[in-house]
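Next come two complexes, and both contain chain A; in the first it sits with chain B, in the second with chain C.
Up next, the complex of A and B:
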């Protein structure tokens, strides 16, 4: 796929450190996602991928380094302020509001928006992308199947009109056909102008979709480059692609 | 005594009125618990402060009661926010330093409160009182500074972490409750007071309806109808707020998963503050209406029993559920009104039964017990309310409307 080349950075991390309590998980992360790109972050369990996304979203404080979003420093902002700047995350494990209906979950996604017409249009758009959600709109989100929940979680994030979308393992626990469908939708969203940072276990699918990739090991970026280069890299093939 | 006497109109009316008031207080406990799993022991004191604000407004400005209630609601919203801001927010922004300091501070505060009450009882004046007073004035100031520091990130809090040690929060809440009582006593003395009859609308004391047949006839007074209508309107309004508005959705989202709510753009701490404010406004209304119903009960400790009873109502109904607060309030109100009568009735039946099977000694003993209990059983009305709460917790720990293992807003 085409390289992002000279486009300006949407999201940039420089020397970012963070963690939980006394445990430092991220030990200086440098990462960049340019406008219009799909970038994937792959790595083994416990490498710190989710921690990276939580830190970007402001759920964890950065202890050192700098995060900028479209050039604005966001490292010290609260999570809701970061959402207000157009960066939205689909968290690991879907994290739907199980007691609310599907529709209410989607409305939660649009929490910061006041444009009723735009919200209505985006709702329609989400129902086009995921027809299943239209059928289930009045149903408790907790009663959806795993795949439907993942669709709902992605749709919920789209309702915020993200400029940058972070996805944490959207394919986890889904049947192959559904994984393919989810990846197609991510590609489609990207063509519609959304910049994507995709965390994945399914490195093969992720690298086939993405423009560029980063490989993470125990809190450090150990490898990065164009997706096809990573796909061809013997180390990546051995560690993450099972060859 | 017959069951018809026990469930006579005066008792039923009393039960409904108490139940409505308990529901108004309980909703403050239940909403705050639903969202941060904290039992806000200071809620009874918010109720108390609201009553004083309305009383003082009426006495000093002569404003109509409705305006005084509105003022009390505003004051209590501010107080609710202040309590959250100074006592609980620093704990949510968990950083070990703040935790330790605020626990130490509030414990000292609580000790001072106890000391002050002791001094007050022995009528010691002069230096000791002055010292205690000065200390009392300094500590909230210190806490405020701490809270501001932690908010400014100067104490190294992990951003956005909302979990907190439950025990710290509980101790803080109890400390807050004692502190507010003490401050109220300093400001307003421990004397019992009441709304002057001239300040209350004339129809409060007027009989609107008479129900039942003599000799169990009862008058429904204007103030009772006001309490019922106010409680019904407020509870329906609150239910609608939580179910159908954007803010209500945010409250439910925070109750279920604060981290994800934040990822949706919800300012979690504002939503929690809003919850405190709404619950506190309800407590202000309840406090004034309670004082109107009871009469002559306004004192710094007036929030204690209604607070604890309403908390029992919240637990009974299923903590976290607004419908549960209403149901729990009514059930507790009924229990409190008729619990004594039903107990006596049961003992009488039992004595009767013992007589019927020929055990005259048992019958005579029980009848003596009934005769001894009858004049003073009404003093144990709270015991019946708590007894019921304990029973419900044993059988159905999540309460009438709660969900097993769940929490709701």
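Up next, the complex of A and C:
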């Protein structure tokens, strides 16, 4: 699965540090996602996985290091500018607009776009990926079940037509069957050309889906490599796969 | 046709055939226009004009002026979802700017403000030209929009209680500045618009057009206030349904999610602050003409609270709600000032106690209609039943996706 070694980098982090107040969470992260890849970032609670995603998407200010998106430095850009460059995050905990309908949520995802025809096509594509959302289109997003909310959150991100999609714990709180569903969709999106950086606690499912993986511990990358290799690695198996 | 209709406040209701909404709105506008005639003296040369001097029209005018302010506050509180406790800053600034412009005179020694000890000065009013009220409202609005932007700089990153506290603090600072800078506010004594300083509007009278001075009981001023309120309603409605309004809604519901959708949160908050400030300034200008006198002392924190109460009472983010809330609260405020004679006893609510009544009113609204009397429409949303949710969790995978299910290795789990 580790093909793509010659592909250009979509997203590259070099020595990235960031944190909250006096607390430095990321202590120099090096990470690379090549075009067309699914890369997963696994690690225990508090390792800094979500902080990494927030720093990439600009929600959290970078303190040192460099982030490039398709060669463009994005470390100092505002979140909306980064979305405009094609990097979209599905935030942790879904964060739907609860009082808006599902359809309105999806429309919000396309906020920066002006191509009405393209938006219409992508909306149809989202409904094809998640038929439940079509049925629920006129319902309040806040009234959806957890799985539907996750679908809606992913679909909303897709409406921005991302080239790179960041997913933060899409499996959190979902029944195993739904997790499988969501992961299948992520795989399909990747085959359609979307580059994916996936943060997961469910290391097994994530490594089965991804091409490559990074293991994070207390703000540092401690291990990286092809997903197969990580799955076979005794340390990873012991710490994250329950063997 | 349907597309065109959307540009008008009632367009959606007409297109959707919600005739109840359309008819009641038209009826309210017609009633407001006919109110002076209804309350006028049938024997007077102009029944409509004589009605403008009636108590009912005067209270209505008071409500209309405050409704402009309440709709202005609603931009930040109702649309953007930030609790602004310092809106009086805009009312006070708008009113003081209006007074200063109208009291600015050109004397042989140069420009002077007829304020305080200079009140007796005579000279050529700089804004004494006919129709200057429109220029003054624009200036007052623009200055308040700039103050809104300025106030936005330190508060941009704040949400919830922190935003409320900082706006409250800034309003107190502005209040003290106005109270003490008596050179341009009149300080504790305030300012007064005399006949010479009154702005004018054209009026058709005795078979010809002429410029009439504006007082709280001038028909032209009543129509001006109604027109400003009408424009404010149209502006609010258009903004609410524009791209800007969608961004405000997103910020209100979840700021982080709004950022993730590519919304420039800072920019849209600043737009809200500027628009809200502008309307506050225009409302302040109307207030100045209506009141005729202003003392910085009376433009205190309670004004902020009262306007906020009108917004919350009617329904945050709902134009009809805010209008209804303003009508109820501000006419009640005037009613509470009345003295009632019962069997020789003069009954009157002390001014300090009137807030008790507003407080009770708010408690009842919060208890029985927590989203306000006329809440913002929530669309055709229907909640999912628990049963449906259970079915969802139990249903086989192929129901959710058209993608061919791929075998997933789970051997390591």
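Basically, the second predicted complex is superposed on the first by the 242 of 243 C-alpha atoms of A that agree within 3 Å, B and C clash if a C-alpha of one lies under 4 Å from a C-alpha of the other, contacts with A are read in each partner's own complex, and residues count from 1 in each chain.
Just so it is clear, a contact is a pair of C-beta atoms (placed from the backbone, for glycine too) under 8 Å apart; a residue touches a chain by one contact, two chains touch by 3 or more.
All values reported here derive from a predicted model rather than from experimental measurement.
S.K.: Clash or fit: how do chain B and chain C relate after the overlay on chain A?
M.R.: In the arrangement built by aligning on chain A, the partners chain C and chain B clash.
S.K.: With the two structures laid over each other on chain A, which partner does A:213 touch: chain B (first), chain C (second), both, or neither?
M.R.: After superposing on A, A:213 lies clear of both chain B and chain C.
S.K.: A:109 in the overlay: touching chain B, chain C, both, or neither? Say first, second, both or neither.
M.R.: Once the two structures are laid over each other on A, A:109 reaches both partners.
S.K.: On the A-aligned overlay, A:61 touches which partner chain: chain B = first, chain C = second, or both, or neither?
M.R.: Touch partner of A:61: chain B, not chain C.
S.K.: A:43 in the overlay: touching chain B, chain C, both, or neither? Say first, second, both or neither.
M.R.: So A:43 meets neither chain B nor chain C here.
S.K.: May I ask you to decide whether A:184 touches chain B, chain C, both, or neither, giving the answer as first, second, both or neither?
M.R.: In the superposition, A:184 touches chain C alone.
S.K.: Chain B or chain C: which reaches more residues on chain A?
M.R.: C
S.K.: Considering only touches as defined above, state whether A:83 meets chain B (first), chain C (second), both or neither.
M.R.: Both chain B and chain C are touched by A:83.
S.K.: So, does A:138 touch the first partner chain B, the second partner chain C, both, or neither?
M.R.: second
S.K.: Which partner chains sit in contact with A:101 here, chain B, chain C, both or neither? Use first/second/both/neither.
M.R.: A:101 sits against chain C, while chain B stays out of touch.
S.K.: Applying the touch criterion given at the start, work out whether A:162 contacts chain B, chain C, both or neither, answering first, second, both or neither.
M.R.: After superposition on chain A, A:162 lies in contact with neither partner.
S.K.: Between chain B and chain C, which residues of chain A are contacted by each of them?
M.R.: 57-59, 78-80, 83-84, 88-89, 91, 95, 97-100, 107-109, 111-112, 156, 160
S.K.: Can you name the residues of chain A that touch chain C in the complex?
M.R.: Residues 57-59, 78-80, 83-84, 88-91, 95-101, 107-109, 111-112, 128-132, 136, 138-140, 143-145, 147-148, 151, 156-157, 160, 175, 177-178, 180-181, 183-185, 187-188, 204-205, 207-209, 231, 237, 241-243.
S.K.: What residues on chain C touch chain A, complex-wise?
M.R.: That would be residues 243, 246-247, 249-250, 253-254, 256-266, 378-384, 389, 392-393, 397, 399-403, 405-406, 408-410, 412-413 of chain C.
S.K.: Would you pull the chain B residues touching chain A in the complex into a rising list?
M.R.: Within the complex, chain B contacts chain A at residues 153, 157-160, 246, 249-250, 252-253, 256-257, 259-268, 406, 408.
S.K.: Would you mind writing out the residues of chain A in touch with chain B in their complex?
M.R.: Those residues of chain A that touch chain B are 20-21, 57-61, 76, 78-80, 83-84, 88-89, 91, 95, 97-100, 104, 107-109, 111-112, 156, 160.
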